[in-house]
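Input: a single structure, listed below in structure tokens.
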Amino acid sequence: MIIIIQCKDRVGLVADISAILSEAGLNIISMREHVDKAGERFFMRLEVDGTTDEVALEKSMEQVLPEGALIHVNPVPDKKIVVMVTREYHCLADILIRNSFGTLGAEVLCVIGNHSILQKICERFDIPFYLIPYHEEKAVSEREIIHKINSYNPDFIVLAKFMRILSPAFVASFPNKVINIHHSFLPAFAGANPYRQAFERGVKLIGATAHFVTDELDEGPIIAQQIIPVNHSFTAADMVKSGKEIETAVLAKALRLVLNDRVFVYQNKTVVFE
Amino acid sequence: MIIIIQCKDRVGLVADISAILSEAGLNIISMREHVDKAGERFFMRLEVDGTTDEVALEKSMEQVLPEGALIHVNPVPDKKIVVMVTREYHCLADILIRNSFGTLGAEVLCVIGNHSILQKICERFDIPFYLIPYHEEKAVSEREIIHKINSYNPDFIVLAKFMRILSPAFVASFPNKVINIHHSFLPAFAGANPYRQAFERGVKLIGATAHFVTDELDEGPIIAQQIIPVNHSFTAADMVKSGKEIETAVLAKALRLVLNDRVFVYQNKTVVFE
Amino acid sequence: MIIIIQCKDRVGLVADISAILSEAGLNIISMREHVDKAGERFFMRLEVDGTTDEVALEKSMEQVLPEGALIHVNPVPDKKIVVMVTREYHCLADILIRNSFGTLGAEVLCVIGNHSILQKICERFDIPFYLIPYHEEKAVSEREIIHKINSYNPDFIVLAKFMRILSPAFVASFPNKVINIHHSFLPAFAGANPYRQAFERGVKLIGATAHFVTDELDEGPIIAQQIIPVNHSFTAADMVKSGKEIETAVLAKALRLVLNDRVFVYQNKTVVFE
Amino acid sequence: MIIIIQCKDRVGLVADISAILSEAGLNIISMREHVDKAGERFFMRLEVDGTTDEVALEKSMEQVLPEGALIHVNPVPDKKIVVMVTREYHCLADILIRNSFGTLGAEVLCVIGNHSILQKICERFDIPFYLIPYHEEKAVSEREIIHKINSYNPDFIVLAKFMRILSPAFVASFPNKVINIHHSFLPAFAGANPYRQAFERGVKLIGATAHFVTDELDEGPIIAQQIIPVNHSFTAADMVKSGKEIETAVLAKALRLVLNDRVFVYQNKTVVFE
């Protein structure tokens, strides 16, 4: 059983929480805790052994924790996701493979693409693919996408190399639910064509960043980042190619963390209990 | 204030420990916990804010924790170490530098060498250096070393590239107190001349391992490991050279962890709360 | 155009080779060279711009290079591979995806499995799958496998988590053509169940090794290796899970290098021009 | 013997260069070559066995290479450097240690500081330390520094955490000779207080960048970069502390490469033959 808690910090929180668990006969297998001192904010993730009435446990917690505490006992054990793509296959294929073999930690409900090129790979895995190209009126396309997503009611929307900038209206529809993979080591090279920028600057490492999407382009809370070395012999195209490997790995890691309830969002940052 | 606990596991340990802290008005800043399920063993490291009578706190803990529990409230805040060396300077110099600028997390009491070559660097830093060469009778030399170490009563003995194998008698004199840096990614290439072995085998990575010393050569509990890439263009001598960088880094990391009370030893393994 | 050369070393080799290229009006884009001094062995990989009669070029080279020189001008540009598997999907799926999108650098001719569990994923990608279970007489099964492989005449055979030890007779049938992914950082933890071994030893890093298969179990020339950090919280099962990511990455890298003619085998080691 | 060449690219360069070496009876041990196709620029680094008249060899090369070619046969074998510092010891101490044991690949002539705090460590190693504090008139201080540097005539000036921005006039005095370590993964977090910026942004990796200094702040050609993981538990101060390790390592690597004649500067980028 997994329990996640986020609330205002005060003395005695751990004692109160663990007393409730002890009374319920639950044994703590793993406990991760963090206090943001500046923000006086408390974060906890527990794995416990044993069974109990989940609703009753949440109620008991609510009574002792500070007002407004976010408490989830066994948060959605089988999460559902919608994936959005453009043309590049690498992140999508990785997700489809894991989904197919039951190791993704979530179910892929459907894939939405603004190009048709990735329809075939979805068909190979019997996953519905919806082509929603961008019309001249971006708002029209986005409304169609939002409508489609809502018809599936996913826990998360994964932008697996979706190369269009989403409007604030879109983002506001799914707060803290949209996960993006950006093909650079943010905040370096935000915006378009980061590998070209990296090439021009002559960097010796390139990276990828998985983050939640907010209104500010490439400015949302960072979940995971990774890098690989490059050198003078890399063209911008070589960097794109090498970058794909790291993009796939970073998005896979971010999804594993998020789907496993290891990521808390707070003040445009994340607390990640790896 | 730091508190470390190791004991038999049972339900309610965290509740009992945190209740004691709460009663003492201590606020938990950071809590790391691990349960070895197979061994039913509980490990905890706490950082708490506030002041209290340390001896009384230990007593309170003893009363609620399982018999035989190891409890340390504020374990030796300023640790002391003796360093043993042979000819290579890189690990020793790193330790002397950090010691000199107060960032080692310990005080270097003296250096013992079986060659005189590193005497000069010790003098530069005003650290006593004792030359104790190995006689034909190894036991005689070791007794002299033990005598010298005991006269300083250090918390840890650091083998910073000490290239002699210590006898079981020596090791038994300082249980879980001798830290060694081995110049390979153990258990690969245990024993002598690991870089030569690595070269012969044509590996693509070489590593270093910091571990506590036990009777079994290079078989003690591992504290930290790290690697660097090598390739066909490396001679065995190049590997030695590159290896020194990683040896220095790994030993520095292991010392930081141990001196910061983040390492627990149990059944020839370590629990490390990084 | 790619040119690879392996021969006995002598003074003036580079001058002679580059003179031939210059006369043929070929411009050197990239030149990688290595001399094994102990073995007096010369290795070179060239990428050149321009067109010429490939057979004539090889002939010209043969006339100036030491007897017995291995020279390949544009070695098999579109390589073909057969993949052998048991039960684990991760390496196979990665290969099938890359094959499907034309980024593998080779064509997958068929997959041979000793269990049927991976048949479905092959069908999704329209790749023939042959189930050849192991009979009591291992030699019988191996003869069947060899027969099947030979009917496809591949350039390389990739053991993508094929969990049976191949006999010397099998290995001898395909010298320097069988590539294996071993789930440890060789030479540590050769043989069966390396993650269990790693768990028991309490290592802080686990790895994977891609190598050519020779008669000696896990002793063949190493192509690529990589590691990831683990800690006390990892069970042996967690290590297996984390290990799969690194196995996939290392095998993918090894295949990219081999299929791109960047790997030379010499005296149970490899020269790899990355 | 080491030979480095940078010139306009054309067909037959390698043939012409290697013919000259062959005629001189020099055996090529290692040859690294790069062509910047967009810039039609050729870079080469050779290690050769044998002895010859160096001046005559350079002359022979000049006759066959394109006009304006930069050719150095055995470029300054024992380089000399001046180090500039402010308050932080880690990079300076690493340089002094290597200098003291003859493994730096250069001789440290003197250290110039704008604070006195690092005078003591220089004295321990018998290296002259000059205190040149910054006056209200920056230009006055810089002229004093330039004067002091010129009195030593070093091959390179190493800014080992020199925390003042040098004027264009200063930089112009030592083109491609000033090496800086910047405490971030450039171009992320250029300018002041990068760790504070990294903390605010909630990044999961921090880095360091060694680069040549140009007029544009933190915009010069990058020599080496490296990163280490951080997480939510790191304060800005923790990042500073962890960052020091990586700063030391990256500057050490950059110096090793530059002092070993492995770095070419071209159009605000570097070609690095590692």
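The letters A, B, C and D name the chains in turn, as written, and every chain counts its residues from 1.
Note that a residue touches a chain if its C-beta (ideal position, glycine included) is under 8 Å from a C-beta of that chain, and two chains touch if they have at least 3 such contacts.
According to UniProt, the chain labels map to these proteins: A, B, C, D = Formyltetrahydrofolate deformylase.
Being a predicted model, the structure only gives us computed values, none of them experimental.
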**OP:** Compute the rotation angle for the C-alpha superposition of chain C onto chain D, expressed as a multiple of 5 degrees.
**Re:** 180
Subject >> Of A-D and B-D, pair with higher C-beta contact tally >> reply: A-D
**OP:** Could you label the chain B-chain C interface same or different, taking same to mean over half of its residue numbers are used by both chains?
**Re:** same
Original post:
What is the distance, in whole Å, between the centres of chain B and chain D, each centre taken as the mean of its C-alpha atoms?
Top reply: 35
Original post:
Where the CA atoms of chain A average out and where those of chain D average out, how many Å apart are those spots?
Top reply: 40
**OP:** Check each residue of chain A and list the ones that touch at least two other chains.
**Re:** 30, 34, 233
Original post:
Drawing the touching chains as a network, do you get a line, a ring, a star, a complete graph or other?
Top reply: complete
Original post:
Can you list the residues on chain A that touch chain B in the complex?
Top reply: 11-16, 18-19, 21-22, 25-31, 33-35, 37
**OP:** Over in the complex, which chain D residues touch chain A? Could you list them?
**Re:** 34, 36, 185-189, 201-205, 207, 221-227, 231-233, 268-272, 274
Subject >> chain C-facing residues of chain A, complex >> reply: 30, 89, 93-94, 97, 100-101, 121, 124-125, 233, 245, 249, 252
